Structure formats: structure tokens, C-alpha cells
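As written, the chains take the letters A, B, C and D, and residue 1 is the first residue of each chain.
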């Protein structure tokens, strides 16, 4: 018998379309799902974490470097999200695995027997770069820089590609796999 | 000799992709262009204008009704935008012509001899409705309701369709027509 | 020997100034603290939770009613936040205890031996109502409705009052109590 | 007989509380007033204008330098706002006069016989700096840098001081002078 899916983890580069997919999932899935991800973690940290070697730095060319203080907070954050799922909340995690398989390994070490659906969100690098422009952000380059590296060595239950498929259609493909 | 384009007026329904196109235009056009539109006018009005018969009302089904007080402010707003263009600012107007050709007529009456590029932004209604979901807005239905009616009786210099074309590519088609 | 403070829980009505205080705390406290609260929980839920009896409803007069589905998600959310703190993240919780002492009891049942600083954030109801206007929200009335009830039966380690004291000064009073 | 006030121009440094006052004015004034200001102009410009010598640059210490391309667009923007007011819209302008009296002179040269209420919004520099922190912006220093210089040589019909007076009360003082 299929066990109930407790968590959906989406991984994809910046501007690959993850956020649009998660919003569609929240609409089409019959239960209420919480959406948590890296962007939110950065939002709830002090702004000064973006100005220190120990924190997270966004280079003008779209590169990102992460220090030990950020890593420690992220580890506690992930631990808390797993605890929320164990306590009964269904959770969509919206992630950018800058270290590919090593990032996935960190999650797997925490997940235990939680039932997780792993989803890769791909997008052609040039198309993602164009969508990055259309969002009007001042810093550009992340879409191009991340499009390939985030999927290195990853194992997914399902992959979607937003290059030619709308967010809603991708969400339907994912929802069909949620038990 | 081609006269310099002073204004670009884009018309399309909600979630047709106008905003993404305008942001790309601001990046790829060599001169700085200001982007002004209906959403901005609503933003700079008192919030109470959204709760009065004289103002603008958004129905739960995506319908919009506009009262005399809103119309009067909009007329002054349009007059000011035309004056900005005459004073030398290059301006992209991002509009939703709920009354189609009659809305276009109101602009034409103000524009005089300004050099304007009229652009229709189309998107398949079902696709626009899906993108509306992916934005996470609480009120939905506007994309479906507006997809067709905003283009009734309109005359354009150029039409783009975001159903299968990325915002950046649409912006390039438009930029190629800017003198 | 004073044990290290692991969590700061601020409770106050809408527009009492909690958010400004938490941002100042993030700047003046030497370690990085995460800020999590009710507003964030609502933000990460599906928008439809705000339109259902089982979720959370905001009445036009500023009243709020909370249903069983919201309560269940909130309980899992709180459990996760406690787990983050146990895993080493220092956390500021920004709360509106609509049920006063009963809300505090729900936290205490989860906190175990975590070292928590309880802070009440007061503001004169009329002043809070004025600040609510100055924020430009369309729905008003919450500041007035909540100013008193959120503090009923609460026990605090420290109380601050933003009526005549700036957010930064309140934050300094709180920071002086953080071990 | 008092002529109808067509425009209110508020001038004050960053974090002096102008925005809160304008939102209260929009609520308490019986007619609908549009709020336009420097922040909005920057928002509608291309993001790249913030990265060029010809545009506007925000230094890490809170300093601002303005180039010729920004100045030209600003001049057209001001011309358009004056035209909106002449066309019947009542307008609140929310400004930061970095050049004090010279900035005022530029407006006066455009205003002609429009009926304008000039308002200075003051705030103690240390208090404004604290409020800047409480907003959580990453760049700080503008409040301190601008508190004094924006008022140099200015002439006002009315001055308000938000150091010890709430935004709503300041708005009432201003509204009492609107004809």
C-alpha cells in the first residue's frame, strides 16, 4: 500500500520556475501544504548574514558562496522542517542544491523514514536567463550559473522541464505522484 | 525619415505577460524608458478607491467595474503621462483596455502628434489562467475574463503572443520596431 | 550561571510594533537570530486557507477566527520551530496570542527545558490604530481589536511599550536580558 | 476666498516618516489624492539606472549621487506631475530634496499658478537612524546623512516633526491647512 507523501522536495536553479510550480501545487493538491525553502531561510536571517564571509554572499556575476555560520543555521532549519513534517504538516521544500548530490545527502541523513517525493525542476539555461531578465532583478547571472550544477549526481523520483511546459502542467505531473 | 518613438503602449489581459515584456524592454533598449501603467495608478490611489462605487471594484469572479471618480483620475493621469513624453521621457505604458477600442480612442485623443508604437500582447486564455494560478494571487478569474475583450476593435502596429514565446523574445520583436 | 537564551517570544497586538523591534534585535544582537512568526505561517500556507471555515478568516472589522485545519498546521509549525531551537538556531518568535494565556500554554507544553525569554509588546490602542492607518493596509480594525485581549492572563519576563518608546530602544531593553 | 489646494509637496530625509503621513492623508482627506514621489520614479526607471554614473548611485554609507540622465528624466517626470494636477488630479508629492533650496526652485519654475502647500517633515537624526534600522533595510546611513541637508534654505507653509508626534497627528495638522 502506498504510504502518504509527507514531503515534496523540488530542486532547480534560480529562475527555473520552482516558485510558480509550488503555488500551483498549493492550489491543486486537496490538502493544505506549506511551502518552505532557501529563499525563506535567507529572508528570516539578519540582513547582515549577506555581508559576511561566515554567511552567504551573492557575487555580481551570479555566483554564491556559503560560510560556516550559514551552514549551521541551515542545518537547524532543515531539522526543524523535518520535525514539522513528522508532526503532521505536509511540506513542499523549494531548494537550490548548489552542491548537488552532497546537498541531497544532507537532507537524506535527516529524513529517516519520512515519505518524500524528490522532484528535479529543469529549464534550458538560456531560457532561464531570459526569465531572470523578465523578473527585473538587478543582479543577474544566477540562472545561467546554476542551471546545470544543481542537478549533478542527483536522484529524483520525477523530473519536470519548464522550458516548454507551463508551471500548472508541471504541477499536475507532480500531483499525480503524490500519495 | 523615421521619427523617434516616444511612447510604447502595450495592451493585454491580466497574466498575459506584459510586465515581463516591459522589464525585458527596459534591459534591452539602449535608452532608459520609464514604465507606467494601470497597476501603478491603482497603487498610487487611496486604498479606499477599491471599496467604492465611484472607484474601481474587483469582483470575486475576476470582473472589474470602474466608476466616475476613477475615470476622472485616470484621465488626469493619462494627460500627465503624455506631458512627460512631450518633455522628453521615453515611456512604456502597460495597459488593460477593458473597453477595447473605446479605451484606445481616449489615448489617441490625448496623444496628438506623439510618435507611438501600439502593441497587442495576446495569450491563450487557458494558459493565462494557469499563469495566474502560478502567481499565487488570492483572486483569480481576471486572466480568463480579460483575454479576449481587451483586444476588441483594437488597432496595433505589432502583436506578440506569449503563449509559446518567451517574454525576452517578444521584447526583441518590439525593440526591433522602436525607432 | 545564566543559561544561554535559546528563544525570544514576543507577543503583542497588530501594529503594536513587534516587527520593528525584531528587526532591531537582529541588528544589535551579536549572534544571528532567525525571526519566525504567525505572519510567516500564513504566508507559507495556501491562499485558500484564508477563505475557509477550517482555516483562518479576517473579518472586515478586524476580527479573526481560526478553524481546526489552521490549528493543526500551527501546532506542527510550533513543533518544528522548537526543534530548530534545540538544533542550535537562536529564534525570535513574533506572535499574536489571540487566546492570551491559553496560547501561551500551548507553547509552554512544547518548550520543555528550552531557555525562553517572554516579552510583552504593548501599545496604546488608539496609537496602534493610527499606525495601522499609516501602513496603508486596506483592512483596518485589527490594532484596536487586539490591543488588550492578547495580553490577558499572560506572564512575561519583560514588557515594553512602544507608545512613547522607539523600536530600537525597546530592542535594547530586550537585548539586555538575553543571556 | 481660499483657492483649492491642488498639490501638497512634502520634503524630508529618508526615514523621517513621510510615507506614513501620506498614507494617513489619503485616508483622512475627503477627496482621493494620488501619491507620487522620488521612490516611485526610481521604481519605474530601468534597474540599470542604479548602476551608472549618469543615473543614481547609492553609496554604502548612505550617500547618493545623481547624474545627468537621471536629472533629465526627473525633469520630465516633474513636468508630467504638474500636468496631472492641472488636469484635475489632486497630488501629494513625497520628496527628498538633496539639494535643498535648489531642488525647491526646480519645482517652483514648473508650478506656475498651481496652488501648492509646502510641508517640511523633520525628524531628529538619531531617531530617524533608529527607525531606519527597524525597517530592516540592508543599506543604512541615509537617515543620518539626509536629516539636516534636505531642509537647507527651504521655505515651507507648514512644518511637522515626527520625533514625538505620530504620523496620523502630523497628517491632521496638514489636512487642516488643505483648502
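Convention: a contact is a pair of C-beta atoms (placed from the backbone, for glycine too) under 8 Å apart; a residue touches a chain by one contact, two chains touch by 3 or more.
These numbers come from a predicted model, not from an experiment.
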Distance-maximising chain from subunit B - centres being C-alpha averages: C
Selected pair, greater C-beta contact count between B-C and C-D: C-D
For subunit A placed onto subunit B, the superposition rotation in degrees, Cα atoms, nearest 5: 180
Centroid distance [mean C-alpha coordinates] between subunit D and subunit C, Å: 33
Distance from the mean Cα position of subunit C to that of subunit A, given in whole angstrom: 27
Whole-Å separation of chain centres (CA-atom averages), subunit B against subunit C: 40
Sequence positions of subunit A contacting 2 or more other chains: 26-27, 47, 136
Complex contact set, residues of subunit A against subunit C: 26-27, 32-36, 40-41, 44-49, 55, 69, 72-73, 75-77, 79-89
Residue ranges of subunit C in contact with subunit D within the complex: 19-21, 23-24, 26-27, 127, 130-131, 133-136, 166-169, 171
Subunit D partner contacts - residues on subunit A that touch it in the complex: 47, 50-51, 136-138
